[in-house]
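Below you'll find the structures, each written out as structure tokens.
Below are two complexes that have chain A in common, paired first with chain B and then with chain C.
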Partner chain A sequence: MLFITIMIIGTLITVTSNSWLGAWMGLEINLLSFIPLLSDNNNLMSTEASLKYFLTQALASTVLLFSSILLMLKNNMNNEINESFTSMIIMSALLLKSGAAPFHFWFPNMMEGLTWMNALMLMTWQKIAPLMLISYLNIKNLLLISVILSVVIGAIGGLNQTSLRKLMAFSSINHLGWMLSSLMISESIWLIYFLFYSFLSFILTFMFNIFKLFHLNQLFSWFVSSKILKFSLFMNFLSLGGLPPFLGFLPKWLVIQQLTLCNQYFLLTLMMMSTLITLFFYLRICYSAFMLNYFENNWVMEMNMNSNNTNLYLIMTFFSIFGLFLISLFFFMF
Partner chain B sequence: MLKIIFFLLFLTPICFINNMYWTVQIMLFFISFIFLLMNNFMNYWSEISYFLGCDMLSYGLVLLSLWICSLMLLASESVNKYNNYKNLFLLNIVILLLLLVLTFSSMSLFMFYLFFESSLIPTLFLILGWGYQPERLQAGVYLLFYTLLVSLPMLIGIFYVMNKTGSMNFYLMNNFMFNYDLLYFCLLCAFLVKMPMFLVHLWLPKAHVEAPVSGSMILAGIMLKLGGYGLLRVISFLQFMNLKYSFIWISISLVGGVLVSLVCLRQTDLKALIAYSSVAHMGIVLAGLLTMTYWGLCGSYTLMIAHGLCSSGLFCLANVSYERLGSRSMLINKGLLNFMPAMTLWWFLLSSANMAAPPTLNLLGEISLLNSIVSWSWISMIMLSFLSFFSAAYTLYLYSFSQHGKLFSGIYSFSGGKIREYLLMLLHWLPLNLLILKSESCMLWL
Partner chain C sequence: MKYLSICSISFVNLISISLSCFLLSLYFLLNNMIYFIEWEVVSLNSMSIVMTFLLDWMSLLFMSFVLMIASLVIFYSKEYMSSDENINRFIMLVLMFVLSMMLLIISPNLISILLGWDGLGLVSYCLVIYFQNIKSYNAGMLTALSNRIGDVALLLAIAWMLNYGSWNYIFYLEVMQNEFEMLMIGSLVMLAAMTKSAQIPFSSWLPAAMAAPTPVSALVHSSTLVTAGVYLLIRFNIILSTSWLGQLLLLLSGLTMFMAGLGANFEFDLKKIIALSTLSQLGLMMSILSMGFYKLAMFHLLTHALFKALLFMCAGAIIHNMNNSQDIRLMGGLSIHMPLTSACFNVSNLALCGMPFLAGFYSKDMILEIVSISNINMFSFFLYFFSTGLTVSYSFRLVYYSMTGDLNCGSLNMLNDESWVMLRGMLGLLIMSIIGGSMLNWLIFPIPYMICLPSYLKLLTLFVCIFGGLSGYLISMTNLYSLNKSLLNYNLVTFLGSMWFMPYISTYGMIFYPLNYGQLVVKSFDQGWSEYFGGQHLYYKLTNYSKTLFLMHNNSLKIYLMLFVFWILILFNFLLFL
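Coming up: the complex of A and B.
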């Protein structure tokens, strides 16, 4: 609990700081409190994951510190950026911190060793601070490259995975690409995208966490009290994939609309096509639920959720499936 | 329009109540009759509410989707009988219908796109959930990704159009004309795949073969018409580009129609045969539509309505014998005249509708399409003559192979047609033949 609080404080310090040094400090606080959270249990995998996380993040922080000092030495100021080379170093350090594409290699490996709740934190909360800092930089080329690489790698990498955590990691990289591209246009769209992404991935990880699902083949032998319930739970995946009738389409819609306004057609086409590939592996996860009749084992893992969780969960699923209609209702009302 | 939407929305809780299968079915019939009475033959948008409205073009297709969806429930009685997740099935179909009505009646291009995409999802669920073989996974993936691959560029195209015109309203957009090649391809390709045009039609036979009867009915009856409807809407502001490029699509679909008809002649699967025949018919529709003549536009709309009823009826017939014989193979489904003589009449009537025999709406549609295509270029007469010859040939092949000859010797006992099935056939056939008496509702919508 202590560490979670400190972690949140670290992020807040980063987000609210008005100098790069302060931002660096917040990131360090955030990192050092996240590590004890990771290696909480005696699992060897998680220790390894925390070590990996520490090494990469420490590297990124060092580079960030170095470059911000460099900036200060050159400009005698530590908050204004018009230096392209230094800001490129800062940018790459931040991309490394957030796990965006050219620097993404630690991310799926590390996810493999985490519990679902830690994975959720890594996928959502830990992205706030670096992405906020990236939004301060106005350097387009590296960001553009990173967006393209993120969406493509996120899509291709997830294709052959059987581990759900790695799948979620690659899908997170893909979504990160979308978030970075929305950062190029406007911060509020980024915020909306991030909130919706967090909501949808929260629903999914919550489900995986309750039922202790870690691999693709567990899904076929997993049985909720009714198939219909399972069916509706897995529709969240289509929502995460951004298919139209679901809530997940809304942030994508906003980003697409804004990008067409900025004439970024090539980038947009690439992003959409790669999202199609992510949709393919989401759909593969959903097979066990959407095929109502298939050959089953005689023994099935029957797990019961307690009713509080179920209610909360069903409400969230309802929003994730029908949310787009509700939002459009509000839109047309005002 | 909002009353239809609310009716369907409030129908969704009823789906969860047990033993409400027939109630929902009757309700859908009820709403289609209500909607029938809402017709006022306006050539402009009427019934406007919220962002919805309908002109003659959308009116016919909304009515068709209401009608086909109620017939879908009538056809898939086995879901009710064996309790194959019937509540979910009902819910799925009601939501699918809701989305289809929204698609056809939304007045803005973006809303059209949104619901156009959304209607894919319940169809996918229908195929994956209630299909028969494990291959349905592949069919589902084909369906989803063929459509999404081309419709995502269309979304970009739509936003481009919006940035240029500042409006998404169909009626206002008719005042604009875009001379931009890439936009043309973006907007058109999605509908061409949905139609489906030859060369991008592969998802359709696959989906039909794996889908349950309701899935086949909705696919042949409505989903293909979504493509034609979209084309009719967007072609009005892409006319110049269409003059430049339409020859590509017209020639592909004419030549492809002939090739697909030849493919039909060597099918052994009843459903695959009907699926390929609908590809051939849609080829004529597409060719006539893209000539952009008055005859062509009206004829394509007429044939779309007619084909929706007729091929959906044929899929029902295929399912009737599938439920009895447990197979769709032509080697087993033969000599059915001995087996169900009264059903043979329906086979005959619907087959003759499929080959555009006189009293049907298909004939009217095909004649006007032939007119428009021949006036576009007389060379297309060669392909058209082959096309209409082979369409008669494969329908005759379907009819005579399944009805005449010796009965399959492995049949042990049989049950004749049920009243429900005869009603189902009648309700497909009757509008098909009666609409010709009121054909201005289809032919004079423009």
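Coming up: the complex of A and C.
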């Protein structure tokens, strides 16, 4: 609990700081409190993951510190950051921290060793600080490359995946691409996208965590006793993928509209095409579940999920599935 | 439940409505009244879509006849379909058919008539496929698609009618008769009527529709549905007589009459023979209509409905007794085994031929005499009289095959004539087909037609009939070894007996190339090129990319960190030296 508090404080320091040094400090605090959360003495995988995380983040922090010092040296303690190569170095460091595409290699590997709650934190909360810092950088070329690579790799990487954690990791990379592109245009859209993404990933990881689901075949065999849970879970999958009638489409919609207004057609086409690929593999998973032509185990245990969790889950699922309609209702209300 | 079956209830209801319609029609006829009722459904941009009812003696009389035949047919079905599990559904379908027929008859508005028109098409499809087998499905599809052409024509006519601001065509027929738009509407309506009444080139569905249960054939495919086209054109008769449409229709319907008469002479299926005779009579109605004598067409329509329904009901009784065999070569000697049914059969057959003082005589003889005194070309004149001869010919051939000689069916048969429910239904129509002609004659024509003919023309009809009967006997006569002599001329017989190849033309002929090209496209595109370069190839490629990506992911973490450091160094170098 202490570490979580410190972690949150670290992120807040980063977000609110007005100098690079302060931002670096916040990131360090955040990192150092997240490591104990990750590591679990009984599990070798999580230790390895925390080590990997530490190494990567430490390297990124070093580079960040190095470049911000460089910046201050060159610009006489001025926070002007129009200097392109310096800011490219900062950008690279931040992209590495957030796990965006050309520097994403640690991310799926690490996810494989985490529990679902840690994975959720890694996918959502840990992205706030670096993304916020990226939004300060006024540099487009590296960001564009990163966006394109993120969406493409996120899409293609998830295609052959059977591990749910890796699947979520690649999905996260894909969404990160969208978030970076929204970051180029407006911070508020990024915020909306991030909130929706966090909400949708939370629903899924919440379920995965309760039922300890780590692989795809578990998905098919586990929910025999409750078709409602199963269907709603897969609908959430589709919502995360961004299929139109569900809530997940809304942030994508906003980004698509903004990018169109900014004439970023090439980027937009690439992003949408790669998102189609993600949708394809989400659909492929859901298809066999919706069509009910999968193998069911006879020895499946009774599911035990307490009613609080069920209610929470169902309320969230309701919003995830009908959110888009509800939002349009609100639009007509005011 | 024995007395309160759906058949009995509908019978009582329909016959009482029929009687009241009949009395109303007498009243209307006597006082020369017309009731015109309009209900505005929706009004849009000064165009109002209205439900219109036109009640005059013609519609009321037609309605009363349809209802009477329907009631007797339903009564008859009580026994005919008694072993059918879904008899309730069957009767409901028939009732729905009657309802759409009513809507068709009383609407002189192109939009509201569509309700009845499409209802007829739909219900007749359901009735044709009632016995669920491949043959019925094919027949039903042919019927439905042929009729669909007419439906589309009617829709197009509605679109053209938009010019006039209303779809009540009866108000525009006379005023606008010289306009091009009206000609378009008229030709489209004629097309619709020709599909419904199975004129050339849409004839092939009528014999195919005989896959329906026999009561349906009696009601739907002889007396009512197929006359819907004739009825529509009766309402449109002004257009026909003032433009070339009438001439075209005269030619086509004359040919239909001729073709059907020839076809019936070489057919061996009992129901199909009757269907072809229906077709020939429809041709007769259409052709006299196209010459402008719409009252005569109406007259023949009504009398024909009576004796043709009776003929079909007799055929149904015979088919029941022949263990569901319809081949007339297996029949024979039925006049001994089933005397009452045979009597009905013969009366209706003779009425069909125009035997004096039976129902068909009044209408048919009058039509032929009107044709004789009219100004008409030689070809049409030939078609009229030759087809009349052919009618007698196939009727006598039918009698020869089924009524005379010995029974040619299997050894163990139980022929009986004691299916009283069916017989009662038939006897009701028997009376009508005896007295119906003279009754209608007195009713419809207030002033007798003045017909003045030289004696050879007057006797021509009689001569043609006698000659036809004789030839009917001759072409079906078999010699010692049961060889039908007419079959020696095999190619000609095939051509004539298969309705001039029309069933092939309107099925294989229409669909052969589309189907083959469709297969080609499916094979080479849907399952070939577009599959290879479309979905499958894309999926294959993406999966391969994914594999390559994971090859990169297989490295140790330090390599990635090293690469990152290199990247930073490169950037730093640029920073220093640029």
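The rule is short, and it goes like this: the second predicted complex is superposed on the first by the 321 of 334 C-alpha atoms of A that agree within 3 Å, B and C clash if a C-alpha of one lies under 4 Å from a C-alpha of the other, contacts with A are read in each partner's own complex, and residues count from 1 in each chain.
The rule is simple: a contact is a pair of C-beta atoms (placed from the backbone, for glycine too) under 8 Å apart; a residue touches a chain by one contact, two chains touch by 3 or more.
What you see is a predicted model, and the numbers here were worked out from it, not measured in a lab.
A.B. asks: Could you tell me whether chain B and chain C fit or clash when both sit on chain A in the superposition?
C.D. replies: clash
A.B. asks: After superposition on the shared chain, which partner residues are touched by A:167: those of chain B (first), chain C (second), both, or neither?
C.D. replies: neither
A.B. asks: Under the stated touch criterion, which partner chain does A:111 make contact with: chain B (first), chain C (second), both, or neither?
C.D. replies: Neither: A:111 stays clear of chain B and chain C.
A.B. asks: Examine A:23 and indicate which partner it touches, taking first as chain B and second as chain C; both and neither are also allowed.
C.D. replies: neither
A.B. asks: Tell me the contact category for A:147 with respect to chain B and chain C: first, second, both or neither.
C.D. replies: Neither partner.
A.B. asks: Considering only the touch criterion stated at the top, classify A:191 as touching first (chain B), second (chain C), both, or neither.
C.D. replies: neither
A.B. asks: Just checking: does A:38 make contact with chain B only, chain C only, both, or neither of them? Give me first, second, both or neither.
C.D. replies: neither
A.B. asks: State whether A:213 touches chain B only (first), chain C only (second), both chains, or neither.
C.D. replies: neither
A.B. asks: Just checking: does A:88 make contact with chain B only, chain C only, both, or neither of them? Give me first, second, both or neither.
C.D. replies: Once the two structures are laid over each other on A, A:88 reaches chain C alone.
A.B. asks: Chain B clashes with which stretch of chain C: 1-9, 73-81 or 127-135?
C.D. replies: The stretch that clashes with chain B is 127-135.
A.B. asks: Which chain A residues lie in the overlap of the chain B contact set and the chain C contact set?
C.D. replies: Dual-contact residues (chain A): none.
A.B. asks: Taking the touch rule as given, give the residues of chain C at its contact with chain A in the complex, in rising order.
C.D. replies: 542-543, 545-547, 549-550, 552-553, 555, 557, 560-561, 564-565, 567-568, 571-572, 574-575, 578
A.B. asks: Taking the touch rule as given, give the residues of chain A at its contact with chain C in the complex, in rising order.
C.D. replies: 52, 55-56, 59, 63, 70, 85-86, 88-89, 92-93, 96, 103, 105-106, 108-109, 153, 156-157, 159-160, 277
A.B. asks: What does chain B use to touch chain A in their complex?
C.D. replies: 50-51, 84-85, 87-88, 99, 114-115, 117-118, 120-121, 124-125, 128-130, 134, 136-137, 140-141, 144-145, 148-149, 152-153, 155-156, 159-160, 162-163
A.B. asks: So in the complex, the part of chain A that touches chain B is made up of which residues?
C.D. replies: Touch residues, chain A against chain B: 227-228, 231, 238, 243-245, 249, 256-257, 260-261, 265, 268-269, 272-273, 275-276, 279-280, 283, 287, 290-294, 332.
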